[in-house]
Every structure is written in C-alpha cells, then in structure tokens.
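For reference, the structure discussed in these notes is given below.
Each chain carries a letter (A, B, C and D) given by its place in the written order, and its residues are counted from 1.
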C-alpha cells in the first residue's frame, strides 16, 4: 500500500524523463485540459451546441471522472510530499493549497445538482469550469513567472496603482461636472463617467461615450495628453518585470563574464 | 498653553510610531478623507442621492466640522514649526502654503451660503470638495514623487511639450483645410479640428470625427504613422521619470559607488 | 554550355559591383516587382480597372513571361551553387527552397486556366500574385532581419504568446458570461467575444462591440487596465528584437571588447 | 552703408545678450509669429471671423509688412555672413536657403492678387501662411533636434519604414480579399482598405471601417496582435532618437566621471 502510494505520487508529479509512464500521464492530462478549454469555447457557439450536445455532455462526464480521480489520488498521495507528511492532517492541509482548491472547484459544479443545490446557482457556478485552464499551471512556467513578478515589484505596483486610481478618479469627477448637463445619460454619475475615463486613459476609445461640449473637449484633451503616459505606469512595470523574468535565465548563463579572461564584466 | 500647542502640533503631524495617539489621528483622518471621496462619487448616483440624502448631508456636516477644526488647529499650532516661528506673521504665512490653501478651499463651499454668497456660485464651487482628495498628500509619497519628477525633467518636458503642441497645431490646420468643405460641421474650425488631432495622435480614436475625403485620409494616415511616436514623447518622459523615482530607493542601496575609489556617487 | 550556365548564375545573383550587367538585371527585376505590386493595388480600384483593363492584362502577361523565364533560368543554373551541385537532384532540391516555391507560386495562377483548372479556384489563387512582393526578399535585409529575430527570441516569444492567448481566452470567457444575455448578438459566443477581446487588449477599440451592463463594464475596465501591458509583451519582444537587429552593425564596431583583457566579446 | 548693413545683420541675428536692441527685436518677432499662428487658428472660427474681420485683415496687412521688411533686410544683409560674402551671387544664394524660402512663401500669398494671379490659386496658397510657424525655427532648439535625429537614424528609419509599408500593404491586400464582397463600400479597393490598415495598426481604431465576416475578423485579429508592435518600430526609433538628443546635453556634463577621483565611470 505504501509503495503503491509512492508510485502514484511519482506518476502524478511532473516527469523529469521523457517517455516513462509519468511523462505519458502528463501528456494525457495536458491534452485533456486543452480539449476541455476548447470544449468550453465551442459549446458557447449555439449551432455547435445544438448539433453535438450529446458529445459535449459525454466528454464533460468523462473529463469530470478523470479529473475527480486525479484529485482524489493527489489528496491521497499527498503524504509522500515531506510538507504534508502527517497521515490525515497532511491530506487536509494539502486540500487547502491553491492548486488543490482549483482542482476541486473545477469539478464541483458537476456534482452540485446531485447534492440538491438549486439549479440556478449551479448554472452560475459553471464558470468555475474555466478554472481547469489553471490546472495547466503545474506544467508551465508562464504563470509562476507572473507570481514572481507580482511579489518582486509589489511596492512599485502598489504606489503606481494608487496613483492610477487617483488619476482615474480625478479625471472622471472633473469630466462628470463638465458633461453631466449636456449628456445626462452617458455621464449620468461619477461611477458611470469612469467608464469613459478607462476607455480614454487606456486609449481603447470605443466611441460609445465622449465629451461633446467645448469645456468637456478641452478637459478631455488635456486629460488624454497628460494622463495616458501616467496611466500606463503599472502595466509598464508589470510588463518590464515579466520581460526581465523571462530573460533572466538566458542572461545568467553568458554575457556577464569575459569568455577570454573569465573576469566579470561591468 | 505653549505645552498644549506643542502637543497638538505633534499629534497633527504624521506619526513615526505605530499605535500612539498621533498615529490613531492619522488613521482617522485618512479614513475620513477616503470616505469623503467615496461620498462624492456615490452622491452623483441619482438613485443613491434620492434615498440617502439625509445621510450624505449629515456626513458632509460632520466632515466639514472635523476638517475645519483640523484646519484651525494646524494654523494655530504652526508656530511650533521653526519655519513659521513668529507669533502672528508665521501663522499667516502658514495659511499661504499650498497644503493649507487646499485645506481651506476643501471646506469653504460649505460656509459660503452663510456669508450670503449667491447659491449659483456656491454650486460651482462644490467641485472644490474634490480637493479633499489632495489632503491625503500628507500621508503618501505618490504625489510628492510627481512633484519631484516635474522639477527634475522640467527642461525636457518643456521642449517636448512645445514640440507636441507644434505637431498638434500643424496636423489640425492641415486637416482643417483638407476636410472643412466635406464635413463643415465636424471640422468647423481649427480649434474644433484639434479635437480630432488629439483623439488621433493619442490613438484614443473615439470615432466621432474622422476624415472622409481621399485627401483627408491620406493626410490622416501620414499624420498618424509619423505623429503618434512623437506625440508620446512628453508622456514617455513623465512616465520614465516617475518610474525612475519609484525605483530610486532600491537603487540607492547598491550601484552608487565609484568602482575606482569606492566613494558614494551623487 | 557550362560557361553559359555559370554566366547566367552570376547575372541572376545579387551584384556586388554597381554598374555591371548583373547590377542592371537586379535593378530591372526590383523595378518590375515594384510595378507589379503597384499594379495589384491599382487594379483593385474599379474605375481604373474599367478604363485600363487592357494595359493591366498586357503588363501582367509581360511580367509573367519575365518571371517565368527568371524562374526557369534560376532552376537550370542552380547547379552552380555548391549546395545544389548534382545535375538533376540538385535542381529538384533547389525547387523546394522557400524562395523558389515563392517564385513558382507567384506565376502559377496565370497558367492554371491553360491546364483546365476550374476558374473559381484560379480566381482564389490570384492572391498568390501578392507573393511577388516577397521576391524582393533577395535584395533587402528587412525580411531576413525578421527571420533572425524570430529564431533568436523563439523561447521568449513562445512563452509570452502562450500567456497572451491565455489572457485573451480568460478575458473573453468572463466577458461572454457577463454580456451574453444583455447583447446576445455582439457577444453570441466565446469565439465571437474574442473579437471584442482583441480590439480591447490591443487598444484598437473600433467601437463595434463593447459591454453595456454594469458588470460587463467593471469587468471590461479591470481587463483593460491590467491586460493591455501584458498583451503588449510578445509584440514588445518582437519589436525590441528587431530594433536590436537593426542596431547590431553599429554596435559591432565599438563597445564589444572586454575592458580587462581587450579581447573581442561574442 | 557697410556699417549699417553690419548693424542690421547683427540685430536680425539671434541675440546673445539679454536686453540689447537685437534681443528686443527677437522678442518682437517671436511675439508676432505667435500672434499670427493664433490669428490663423481664430480666423477659422466662423463667428469670430464675421465679427472681427476688419481686425484680422488689418493685423494680416501689418504682419505681412513687417515680415516683408524682415525678409528684404535679411537678404540685403546676408553678405555679412561669410558663407554669402559675394555681393549679388551671395544674396541670391541666401535666397535659396530653406529658411529664406520659408520666409518668402510665408508672405507671398498676400502679394499674388496684385500680380494678377487667379484668386482660386491664391486661396489655395493661403495655407502657406502656416509656414510662419516655421519662422520660429530660428529661436528654438526643438526643430533642429528633429533634423539631427532624422540624419543620425537615417538608415534605421529607412529599413523600418520599408518594413512598415510592406506590412501595411500585406495586411490591406489580405483584408481586401477577405472583406471586399461583404462590404463593397468600406473595402472598395486596396488603397481604400489601407485606411482600415492604418487605423488598426496604429491602434487609433476610429470604428468607421472594421471587418464583419468571420474570415475578416480572424485575419484582423492576427494582423492586430502581430502587426502593432512592428508598426510602432519607426515611430519608436524616432521617439527614442529624439529623447536621446534632448538628454545628451545633460548627460554630457555630469554623471560620466566620478566627482571624487575624476576617473571616468563605465
């Protein structure tokens, strides 16, 4: 039993050797996750749903079965991980890790009707199926890179986020006073005007709301010219942090020592 | 009396020790400012105003009372600051500092009707309530960073702002001559055409005005391709300056010593 | 015969000496390619096509004749290139190189009707004429620079592309659930909602689809503020890679020696 | 006479000493240029033109008189500049310098009716009045910085401009074939489709033209995601070149030597 638990733990973990059983399990799970995401997208097309409803439902049942089994095996074999060593307490603590919660929520909506939960709530919870996308997290560096960046640039992000919110608030309040009377519907309140503020300061500019009075246009012009660069600060910090993170590995290897004399370069 | 003034001065200043009375006063004032900003936003929603008018008015009266008391105490205790030491001249000079003016203007609209000022003017001055947002300035580095950047990059900003204005003027005048006859309303004059110019050069592109003649489209295309990068210069300078300012602390620790003599660099 | 083949090979290759026969052939071919691209553009204007149809057809026939001759000569003389030395196998292998395939496809649509191919297919294949634009590839560094960048930044591009797709998927699915009921036409399915997602995350913002519910606007605002910087990652990597590639020559001259031992750095 | 010519030359040149006659002439001319630009803008507002027509015409006559006198004096005194020393040949060669041509064209439209030129042509030439804006060139560094950048980054700009044009062409042609049948008006020809291409690739996105077919949307999405970063290359090169140019002076002075040991820093 203990040997079997150890074997299950090894198989479920990301394989280090291409071609062994654990590797094939990884390939199977990644494929299943990808197909699930594809299914969620295609299901939303009414004509496809009408024609292939049975296929979608069968695939959903199969996926839930596999993911449920995977979840149970992961919880059961968690004790093999030194961090969750204790027999029952360890398993419970593993169930509270973010990845385990994602695994659970991703299959939960399927079981709720069986538990007698109201169908309207179940329908709302179907969005949790999207969490299956995050299961891919175990196999890729992309999301962990984001996590690292968020931690590293925490302070910068907080200051610039505050500042961005400050800017959005100021722009929206001023514009509200300038345009409210001329366009009582589009600029009906400050929260509504923030929709204009975000569309303008991000330069998306859908064109559903825009100032029409002279005062509003002058104000809007000044806000656009000054605000856009400042509004881009947090996203710029995030992007440059992420870019650094991606480039780190490569840079670490070469370029920092002279290949001839092996001394460090400035 | 002198001891009390000193105590008041200490309490109103930003606390250096978490948990003492001055710290709790800071927390109270920051919370009150935040709630005031929230109230300004929520008041603008017609349905909320209709239902909770009494609450909003009561909260406004309470806030004005607190902020007025804060203002009077700050002016009275200003002598404790060596820069405003002289008994009456010092207090008056403190009243002319930007932060003190903000504090005054932020409560003034409430008292104007009592002074017999025309209600129409009072209504227009209600926008000064937004200045309460800037009271938060005492407690955060975000706005002081902006001030520093504006000072440091003064010359670059001035040159690139001139250049940006030049570009906007040129683009708008040319487009006015190209589109005026085809769209006499949207491009009715050069100042009006500047609205198109700003929307295009900032890439917001609401879509309320755009060229429809062939000449206007060719011109608009050339302006867009060439102009956008140049128009982004001042905002880019501002953003990079702000980004540097945020990153300074971190950088200050290492990298700022001369590799030859190991002394600190400016 | 062998001498003639060698001469043809030299003439068709890019000339190293301004003014000799090979150089004039280059100039002629570049001009013909440019005129072909211009013809494709002008043909699409209905009024020009109606009036100058005969000219366009004659120029097309002349161009196809020249490009066909060029293609045959290139295939025939390919043996002069050490990589395709073997008499017939070499010629066949040359025909499978990307540039040779482009050369063939660029003239093929003209001959298809003679081979009895259905005219509807021929009309669709007329778009292959655009491949003539890529023939210019032999004479300019611009496209080879792109190729190099794509190879060099392969890994970074793959990670950030995955991430971008992930972001687009997440944003579109969430927005689909938020707006589907209010706007069943514009947000009819997740693939359709991706059109909104791309327009927003690239900040193009045509304004043909945008959220109108409060939930959708709050979600759209958050997606826009956070997503734009991250969505710009792959294009940023591509752009900076291309920019580096252009600047490499210049940089190569100086700055690439180790300050300690003065030897050249890689 | 020769002494007077020398004095005129000195006065018209940019003054090096604040407060002398030449300095006051500079101030006067800069003010007059600025007022002229303001007049051109305000004239275009129909209501202002109707009311103050006489003022505008009088100011125009006065400005033309001053600028004509300035032009004649500059041509006459050009011999004082060692580059245009020869009595008549020098004056003629000065008249062919870009700044002199701008000076002439900026006043020419006023005199044309007197020379019997058709009034329709004169009206079209009124746009030359805008050239007065460029007269400011003598007094500011902003435009000379642009000139320097254009020269320095010539090669990079040419390659990336070619590439940008290539991209625009490819995107527009593909989109033309995808959308022409569904929207024969908005995508009536490839040149017309370029208007969509520019609006999309610069992310302006007015929303007057956008793909509506599925094929067009998929194509448009791919073009937007890939193309935007690449399209921003030339403007990015221009902007960074200009930014470097502005920062050069400052950087040159300090930061490149250690203030303690005066050795150069890496």
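We adopt the following convention: a contact is a pair of C-beta atoms (placed from the backbone, for glycine too) under 8 Å apart; a residue touches a chain by one contact, two chains touch by 3 or more.
Since the model is a prediction, treat every value here as computed from it, not as a measurement.
**Student:** Determine, among C-D, B-C or A-D, the equivalent of interface B-D; equivalence here requires over half of the contact pairs to be the same by residue number.
**Tutor:** Duplicate interface of B-D: C-D.
**Student:** Applying the document's contact definition, name the chain pair with more C-beta pairs in contact, A-B or B-C.
**Tutor:** Answer to which pair has more contacts is A-B.
**Student:** Can you give the whole-Å distance between the Cα centres of chain A and chain B?
**Tutor:** 33
**Student:** Where the centres are mean C-alpha positions, what is the separation of chain B from chain C, in Å?
**Tutor:** That pair's centroid distance is 46 Å.
**Student:** Which parts of chain C, given as residue numbers and ranges, touch two or more other chains?
**Tutor:** 199, 203-207, 232, 236, 259
**Student:** Touching residues of chain C toward chain A in the complex: what are they?
**Tutor:** Of all residues in chain C, those touching chain A are 155-156, 159-160, 162-163, 166, 169-170, 173-174, 176-177, 180, 188-191, 199-200, 203-207, 210, 217, 220-221, 224-226, 228-230, 232-233, 236-237, 258-261, 263, 265-266.
**Student:** Under the definition above, what is the set of chain A residues touching chain C in their complex?
**Tutor:** 37, 40-41, 44-46, 127, 130, 133, 140-143, 145-146, 164, 194-195, 198-199, 202-208, 232, 234-236, 238-239, 242-243, 246-247, 250, 254, 258-261, 263, 265-266
**Student:** Can you check the complex and tell me which residues of chain D touch chain A?
**Tutor:** Residues 203, 205-207, 266 of chain D touch chain A in their complex.
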